[in-house]
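One structure follows; several queries about it will come next.
Here the chain labels run A, B, C and D in written order, and each chain numbers its own residues starting at 1.
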Amino acid sequence: MSDQDLRVGLIGAGKMGADHARRIHERISNARLVAVGDPDGERAAQAAAGTGARAEQDPFEVIGASDVDALVIASPGAVHEPLLLAAIERGIPVLCEKPLTPDSKSSLRVVEAEEARGKHLVQVGFMRRFDPEYVELKQLLGTGDLGRALLLHCAHRNAETPPGFTSQMMIYDSVVHEFDTTRWLLDQEISAVSVRWPHSSGAAPEGLLDPQVVTIETTGGVLVDVEIFVNCGFGYQVRCEAVGERGTALIGASRGPLVHQSARWGGAVPQDFRDRFGAAFDQEFQRWAHAARRGSTDPAAADAWDGYAAAAACEAGVQAQATGQRTEVELADRPDFYS
Amino acid sequence: MSDQDLRVGLIGAGKMGADHARRIHERISNARLVAVGDPDGERAAQAAAGTGARAEQDPFEVIGASDVDALVIASPGAVHEPLLLAAIERGIPVLCEKPLTPDSKSSLRVVEAEEARGKHLVQVGFMRRFDPEYVELKQLLGTGDLGRALLLHCAHRNAETPPGFTSQMMIYDSVVHEFDTTRWLLDQEISAVSVRWPHSSGAAPEGLLDPQVVTIETTGGVLVDVEIFVNCGFGYQVRCEAVGERGTALIGASRGPLVHQSARWGGAVPQDFRDRFGAAFDQEFQRWAHAARRGSTDPAAADAWDGYAAAAACEAGVQAQATGQRTEVELADRPDFYS
Amino acid sequence: MSDQDLRVGLIGAGKMGADHARRIHERISNARLVAVGDPDGERAAQAAAGTGARAEQDPFEVIGASDVDALVIASPGAVHEPLLLAAIERGIPVLCEKPLTPDSKSSLRVVEAEEARGKHLVQVGFMRRFDPEYVELKQLLGTGDLGRALLLHCAHRNAETPPGFTSQMMIYDSVVHEFDTTRWLLDQEISAVSVRWPHSSGAAPEGLLDPQVVTIETTGGVLVDVEIFVNCGFGYQVRCEAVGERGTALIGASRGPLVHQSARWGGAVPQDFRDRFGAAFDQEFQRWAHAARRGSTDPAAADAWDGYAAAAACEAGVQAQATGQRTEVELADRPDFYS
Amino acid sequence: MSDQDLRVGLIGAGKMGADHARRIHERISNARLVAVGDPDGERAAQAAAGTGARAEQDPFEVIGASDVDALVIASPGAVHEPLLLAAIERGIPVLCEKPLTPDSKSSLRVVEAEEARGKHLVQVGFMRRFDPEYVELKQLLGTGDLGRALLLHCAHRNAETPPGFTSQMMIYDSVVHEFDTTRWLLDQEISAVSVRWPHSSGAAPEGLLDPQVVTIETTGGVLVDVEIFVNCGFGYQVRCEAVGERGTALIGASRGPLVHQSARWGGAVPQDFRDRFGAAFDQEFQRWAHAARRGSTDPAAADAWDGYAAAAACEAGVQAQATGQRTEVELADRPDFYS
């Protein structure tokens, strides 16, 4: 297959799926979108328009199609499991947007299915692993120049939330990224999660506790604090400072042209995660396409085990929110297959 | 007295006291050092040398001297109480290095003595209140532009500790500043303190848990986290980020000439709190001297009540360290005298 | 052609050409490398290896091949003219690395040939036009928020020069980028060039005047100064500050993780233009591929006229170096075809 | 005199003089204001009010008064010469605001008078020599870490000009600081000056060419460019980048709290030179007072020769403005007295 383009099927034609359709069509080398599946056929057709791909209403038609070499899943997390299991059964590589599945039990079933299939096929869309700054931070920690990591200080801020956003979503949709980056940066599992909060912002919708501070403990004794603030008002911002025995390293500083005007110095804040992480998504997809053409996954990416571990941490996080207590994370034994 | 210099007596001729002797002599307008008291007479003489002041072994000689208009106390905290009470009795203004006294009970006695005397005489040396960046941050919070304050993220790092430094000292000598700045920036009392820590740095002395993360809750529902890391290796650094409903403000960023050299961009980190806060100390002393010449204290400074409240927070912090539990701060009722 | 990949022929398999071969193969969507031409056949074969492209020794074989839809020229500037003229004659889109040609007379012949052909085919590789920061700066100037542009302050620094680097190359290889960005940012032509220099760095090779300061005047009355320093020692750095009537905007600040360690704050400086402008090259090629598939050029890119104008400015710059005099730039009338 | 306060006479009670009156009274240790002289007696009285000083209409009364140990001159430059000569004759230390005198001939007479008196008495108020960042930059250049200095890039911007501001004042009032810092940072004399300008800002008053770019050449072969822009609109900004053989160092970056709000990151720009250089003025005066109490001048400060050299550079600058030509600076031989 190496001289041919990877023929990609996409499932889910919402905002994220439509973005990925354009990404694959316009910016990913050696990959070609051939089918878009969404129960909302009109939406599928819109996402497919101009890409040369066909639209399908039944996602399983896409998974089973003989001209589909690999799959991108961008549908809601609640329907991921059967899609993943079908793709694993067919033996085709899958790039699945996070979450892998909405809970750790179903995620573990995916892990087990993949292990049983004996082939690394599933990749989870934790795109920060492809952000140049995060990559530099991981490399820096890997050199040992800063000594052993002791603390991470994280901030994750969104300008505002859409209607219906809940406290649980702050964990499942937002802090899940910090769960993954913590595990990835440190190469340690998460052992416990606590959540606290100040009085809520007047800008937060009725009933939403916003901001919150999530404290993560790892198996290696690192302590991580995460400010999650989803109605901060000023824009989208993700920051991480690693504190090691001999020094610190901070990523996520504001950037762009430095302007002096109207008695102020400074610049513009990105308003959307796509502004901040657009290049990371591109890199993630391009590397995935290269790996998938060889029938495998990108070792730099999150795999099914990572998806499972993130789901387990989310569960602990939501329980910690509900009880106000420090909550331990229970993980299955990690199969050798994922080591 | 307004056309005369303020005649200052200094008690305590250790490192800090000697610094203050030079400060008063060389940089403070309208003030003159007349006596230095230290049980170690030789040390007193050294600090006094070249300033025109006389040296005394008995600090109470200094307090009682007729040519002493005002007092600076820079001796160890354990001996502050009787010195303060004597000065209050004599009715002379005192600038007392922190802590006011080592525990809240004795601090409360000072508060009560001052209240009984009916005159504001005691000022505590929380010099950050005079640091230009902290002052700007407080002003900014005061404008309301950022909305109500919700969170503070603080980091307080020292290059290394002297021999004998203990976990309790991390609270009493270091985090005490964050207790004071929290109260001062927010105009709220501290209601509870918790402490957690990661595995300790290999650079920390045997037996010292370093770094630690102290979480402070306030009566106004603000949540404050403080990284205290006293063997960070690279220098002295104090940072504070306030998160409000509509925006954030960060102070303590590294500064100085931006150098590009040897494949690196950046600059030098101060190695000592005197580098970072030297101008704040000068400002604190100068304003104190002006107020003391008028027989009063500087309203911008910390008063005896602030010293008491900081002592109470320190006690809660040390208990939280020892028990691993969230510990509430119990405060006496605040006398009208201090409102 | 819209559903087919663009089939690209590459001429020149030196360092830059080999880079572009990998770029097209690995990162550019909807494009495929089919032939690499270089008189050094071995080099051509190396660059083609693993891309599925064939190697040719005669570049004109590549230009004439029926399976070549579009051309990338990365050979030395001295041989560009006949290659460009052949491609124009065949009517295929060309992305030509700068310079268009080494002198303004030959560049003008390319302009005239393209105009005669009546079709926009030629694009010049001034990649800064695709750098996100430069793009933001141009947009900012376009909003009018800063008022009319008055001054540009530029710095262009390389760690060191390869053997044989001359003062003229500082103009033709380095400052040529500032000539182009000046014209592009301001939408004005260059009217005159002056060059001055301090005593040279001890790190500059014998006979090279390094650094130099080039002053550019534009037809709109903007004054531009460019520090060109090609043996600055510490890395690769490109900076541009625009000064308008109401404010300034600076791009090119150092970035990457902010590290505190060993008594220093700061980060790493890129050592190579490929680190700094890698994403710009990718963007340039991807957009070119999209345009070329439609048989045209990217309107955001530099065209043949831009290549000619840059060549004319370089000639003035080299003359200004040689004479020490302010030298005016003489341009032909701009054909309507390029307006 | 060492145990007594320095008794200071101040001449000139305009904006700057009134500032200095408050500075001496409130912030300078070991100095006391005793007399303020200004032909406008009411203004003198206002500046003296609350300081304990008397007001005089005749400045020579101040210079001659037996209780005046030292003099500060803050009157217009045009009247400095006779005041300086009288102070030199009386043998008292003088801190003279820049310019020393308005032209090099009269400045040279002051130099000769001081030399004839045989005692260092005159200090010129180039306060940047006491700015912490400039001091750090000079120290850094002194270490040799950056190699020999090759270039300085300077920017000097004011929000707006008062009515009646002329192009000559841009040299005499503004660029004069860059003339002095160039000489001081590099320990070299200025050999030539050139001036160019773009089209002027629409915000500049009728008839004022603003901004301008001044190029300074030094006897050591360093090339300095200075953007002087006195109606930049956004605030007061002074920046200097030194380029050495092995690296660069930049001072004057914008600072203060980093705020994220309303889709912007950044902070406030100082609006006035007193905000930016207030601490430098204080330091200058404090060090002068210490030196003057010992009957001498501060070796870190600018002396009469520096004042003369700055005047000569200003004359060349104004001539370069008028003629559009590079203009050489002619200096008298430097007396050994000033080496």
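In this section, a residue touches a chain if its C-beta (ideal position, glycine included) is under 8 Å from a C-beta of that chain, and two chains touch if they have at least 3 such contacts.
Chain labels with UniProt names: A, B, C, D = Inositol 2-dehydrogenase.
If you're wondering where the values come from, they're calculated on a predicted model, not measured in any experiment.
*Asks:* Have a look at A-B, B-D or A-D and name the one that copies the A-C interface, over half of its contact pairs being the same.
*Replies:* When the contact pairs of A-C are compared with those in A-B, B-D or A-D, B-D matches.
*Asks:* Report which interface contains more C-beta contacts, comparing C-D against B-C.
*Replies:* C-D
*Asks:* With chain centres taken as the means of their Cα atoms, state the distance from chain B to chain D in Å.
*Replies:* The answer is 37 Å.
*Asks:* Centroid from C-alpha atoms only, then distance chain B to chain C, rounded to Å. What do you get?
*Replies:* 57
*Asks:* If you average the CA atoms of chain C and of chain D, how far apart do the two points sit, in angstrom?
*Replies:* 44
*Asks:* Which residues of chain A are in contact with two or more other chains?
*Replies:* Touching at least two other chains: 232-234, 246-248, 258-262.
*Asks:* Okay, in this complex, where on chain D does chain C touch?
*Replies:* Going by the criterion above, the answer is residues 147-148, 150-151, 153, 155, 196-203, 211, 213, 215, 220-223, 225, 227, 229, 232-234, 243, 245-248.
*Asks:* Hey, which residues of chain B end up touching chain C in the complex?
*Replies:* 232-235, 237, 254, 258-269, 271
*Asks:* Please give the residue numbers of chain C that touch chain A in the complex, ascending.
*Replies:* Going through chain C, the ones touching chain A are 3, 5, 25-31, 52, 133, 136-137, 140, 145-146, 246-251, 253, 255-262, 279, 286, 290.
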